[in-house]
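Labels run A, B and C following the written order; every chain starts at residue 1.
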Amino acid sequence: MKVREFLCKKRKIMQLEQILQYTFSGLSTGAIYALIGIGFSIIFNATGIINFAQGEFVMLGGMLTLFFLEVLKLPLWAAIPCAVAVSALAGLLFERLAIRPLRQPTPINLVIITIAGSILIRGLAMLLWGKDTHAIPPFTGDEPISIAGATILPQHIWILAITLLIIAVNKFFFFHTISGKAMRACSYNRRAAGLVGIDVRRMVLFSFVISSVLGSLAGIIVAPLTMTAYDVGIMLGLKGFCAAIIGGMSSGMATVVGGLILGVLESLGAGLISSGYKDAIAFIILLLILFIRPQGLFGKAESERV
Amino acid sequence: MLEVSGITRLFGGVTALEDVSFTIGQGSITGVIGPNGAGKTTLFNIITGIYGRTSGRVTLEDRDISGLPPERLARLGMVRTFQNIELFGAMSVLENVMVGLHTKGSSGFLACSLKMPWSIAEERRIRETAMKWLEFTGITELADDCAGNLPFGKGRLLEIARALAVEPRIILMDEPAAGLNSKETLGLAHLIGKIRGMGVTVVLVEHDMELVMDVCDRIVVLNLGRKLAEGTPREIQENREVIAAYLGED
Amino acid sequence: MKREPFKFLLFAVLVLVAPLAFKGGYLMNVLVFVGINTMLAVALNLLLGYAGQISLGHAGFFGMGAYLSGILTATCGWNPWLAMPLAALAVGILATLIAFPILKLKGHYLAMATLGLGIIIYIVFNETVDLTGGPSGLSGIPNLAVGSLVFDSDIKNYYLVWTFTLAVMLFSVNLAGSRIGRALRAVHDSEVAARVMGVNARLLKVQVFALSAVISSLAGSLYAHTMTFVSPASFGFNFSIELLTMVVIGGLGSVYGSFLGAALLTLLPELLRGAQDYDIVIYGGLLMVMVMFMPGGLVRGIPDLFRRMARLREGAGNA
């Protein structure tokens, strides 16, 4: 009897530890989804476009870092900014060469052109770097750290810390700089913003650049954990979109929370239910939210849409 | 014929319409006027089922139609036109009117895709009737043109032809004279008379006072979401409150 | 309008005699796929080109048709001719149920929702290993047969598939020029005006979504019975995008355009053998160029190009 009780108790503790473990890893993937989701929201709010190519910038972040590390033999601290800069350039070119010249910018044409862009970027990446999956070394070793029975990797901490930093910078930019305020004005009312002298086209370009920077950063910090390849952008992009939908297409905290919720649910679902259906969880949540609460999980439609 | 009672509509915290009531008689021409922002278009959108209402009732020939969607209202004999004409731009002028005859046909997916004899006959009937309505509005020669390329005035006529094809008992027109030159407005006034001549009740929101005073039997004046006055054109012209509202006095 | 029957007749005759020109061979197999893809592209075009509603999940309905047919025949031992309509019915019911909430969404949101739906279906194919065989696929699906005639060669399958494809094309051409097709285009141009004219836009969109899914399911069944093997890889997100590319390249709202798009995208990888890795880049580039420079698709773009060239030549002749 005693033994059984002990075993039972032990199993319970094990389960708790497991849940904690899944939650930790869920939070760090969730942070990645949040960054990608904010990228979606920034473009959506500035232009009304859902950029299907968003995930490709995530891929570019990881692959370019790898390129600078392995081929050009740069140190990590130099490779990362280079990768971000090239991704930003790609975002800029994408807007100038594909989005802006579009003669009939109907929603369907915009969907198709961003899909086309995503296929093109993915294809070029495949031609340049091949189909293999690559690993990027973690930023500071891979010695696991133990917290309350669960172990986390230093990279997890990097991810959470960098995400927090990016979100803080993001917030500062949108609320305390002229360009940021101008972009917010565009998101509230594009015509009125144009009338008061804001260069709306430049803000649109800007939104693409910022989104590609955010996307590539997400891709860089996650690559040491999940590996990277030319086609990782599809899934990561879609999950990021899901985070943005949960957050009601906000580019602030709501989407961050959305990303974290998604990450944790996915991680728990994969660990406790079935790992095969892990990817389905995000899409089921996506459909449910779109059907039931298209304005996002948190309250009113017009709340925090920066 | 049409009775609007106690219609109120809030948008967030803003009251767009407050307790608006009036009755429209069978076969009459009624004008709804008021300064910008008075709630005229909102009222039209509520009556025709485009927006929901916060409270109030709309009845059409003693039948409660409040909250019914526009496609149901079309079958009950109510149709409308839009301020910034809403044509099917990628279709021909004739096809636009043929869509107006949608409720006059019954062929479904199966009959249509199998080209059943009855659906071919139905199609021919619809085409002939559509031509009749183009003739009625005087744009027969444009039948094969693309609706998206029509000049504004002709587009307006097409929209009216398309609405009439539904064979409504009541037609609501949202600023039908907006964007028309004086000659076209004259033609419009004549057309409105002809429509009433068929026994169709007409309601119009309009800014062109000359047209309103000329063709309407009765006028309803809205201001700041409320009904300010109601009466014959002469009564309205002499109403002090109406004059004050238009001149912006308190 | 009067020219439509002749156009179709001419097309049908060309399809019938095409095998004579190719004398069997490997290309016949490719032409079977052109037939299946044409069917799928026409189905998606009904939804996207006529009703103006996008779907990035059609590979899912295609796959459901294929798997339902495959499972009912290979695992349960049913007659394929019975499995096919039953699969179509099941897919039709499912599509109708999903259509009501999903078609409330518009534009980008609809695109994302249908995409999510497609991916969920794809994951189910992969994970329900007991039913579908999982990633390694389902084999041993019987060929269709009429009496003693078994459709087990490329040439026989060619005629089998194209009979269905031609029927679907004919139905779609008829539908497009009818009361229903007109109402669909009206909803596309201005939903509110169409509703004011008495068109039940909501119901119509659901119906065309279901119809499109049913046709895709039929194409899936045909695919399963001609290939005798199915695996999830054929029904993923990429194939949904490929279908979209076919419809856009061919021309939105044109049945023959869908054939052109399907033919081009099915033949292209064959022409590019050796340069296989380039096909994804070429798809992307093609799609982008088409949306930017020929938004009407090939069916409208090519005659336009000829007209412009003729005018140029005339101009040069006069000078």
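As a working rule, a contact is a pair of C-beta atoms (placed from the backbone, for glycine too) under 8 Å apart; a residue touches a chain by one contact, two chains touch by 3 or more.
Treat the numbers as computed from the prediction; the structure is a model and nothing was measured.
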How is the touch graph of the chains shaped: line, ring, star, complete or other? line
Most distant chain from subunit C by Cα centroid: B
Taking each chain's centre as the average of its Cα atoms, which is closest to the average over all protein Cα atoms shown? C
Taking the mean of the CA coordinates per chain, how far is subunit A from subunit C in Å? 33
Expressed in whole Å, how far the mean CA point of subunit B lies from that of subunit C is 41
Can you work out the whole-Å distance between the CA centroids of subunit A and subunit B? 49
Touching two or more other chains in subunit A are residues none
Contacting residues of subunit C [partner subunit B, same complex]: 171-172, 174-175, 178-183, 185-186, 188-190, 192-201, 207, 211
Under the definition above, what is the set of subunit A residues touching subunit C in their complex? 44, 48-50, 52, 98, 101-104, 107-113, 115-124, 126-127, 234, 238, 241-242, 245, 274, 276-277, 279-280, 283-284, 286-287, 290-291, 294
In the complex, subunit C touches subunit A at residues 48, 52, 54, 101-102, 104-109, 111-113, 115-117, 119-120, 123-124, 126-127, 237, 241, 244, 248, 252, 277-278, 280-285, 287-288, 291-292, 295
Spell out the part of subunit B that touches subunit C in their complex, as residue ranges. 48, 50, 69-71, 73-75, 79-80, 82, 86-91, 95, 98-100, 102-103, 105, 107-109, 112-115, 119, 122-123, 126, 162-163, 165-166
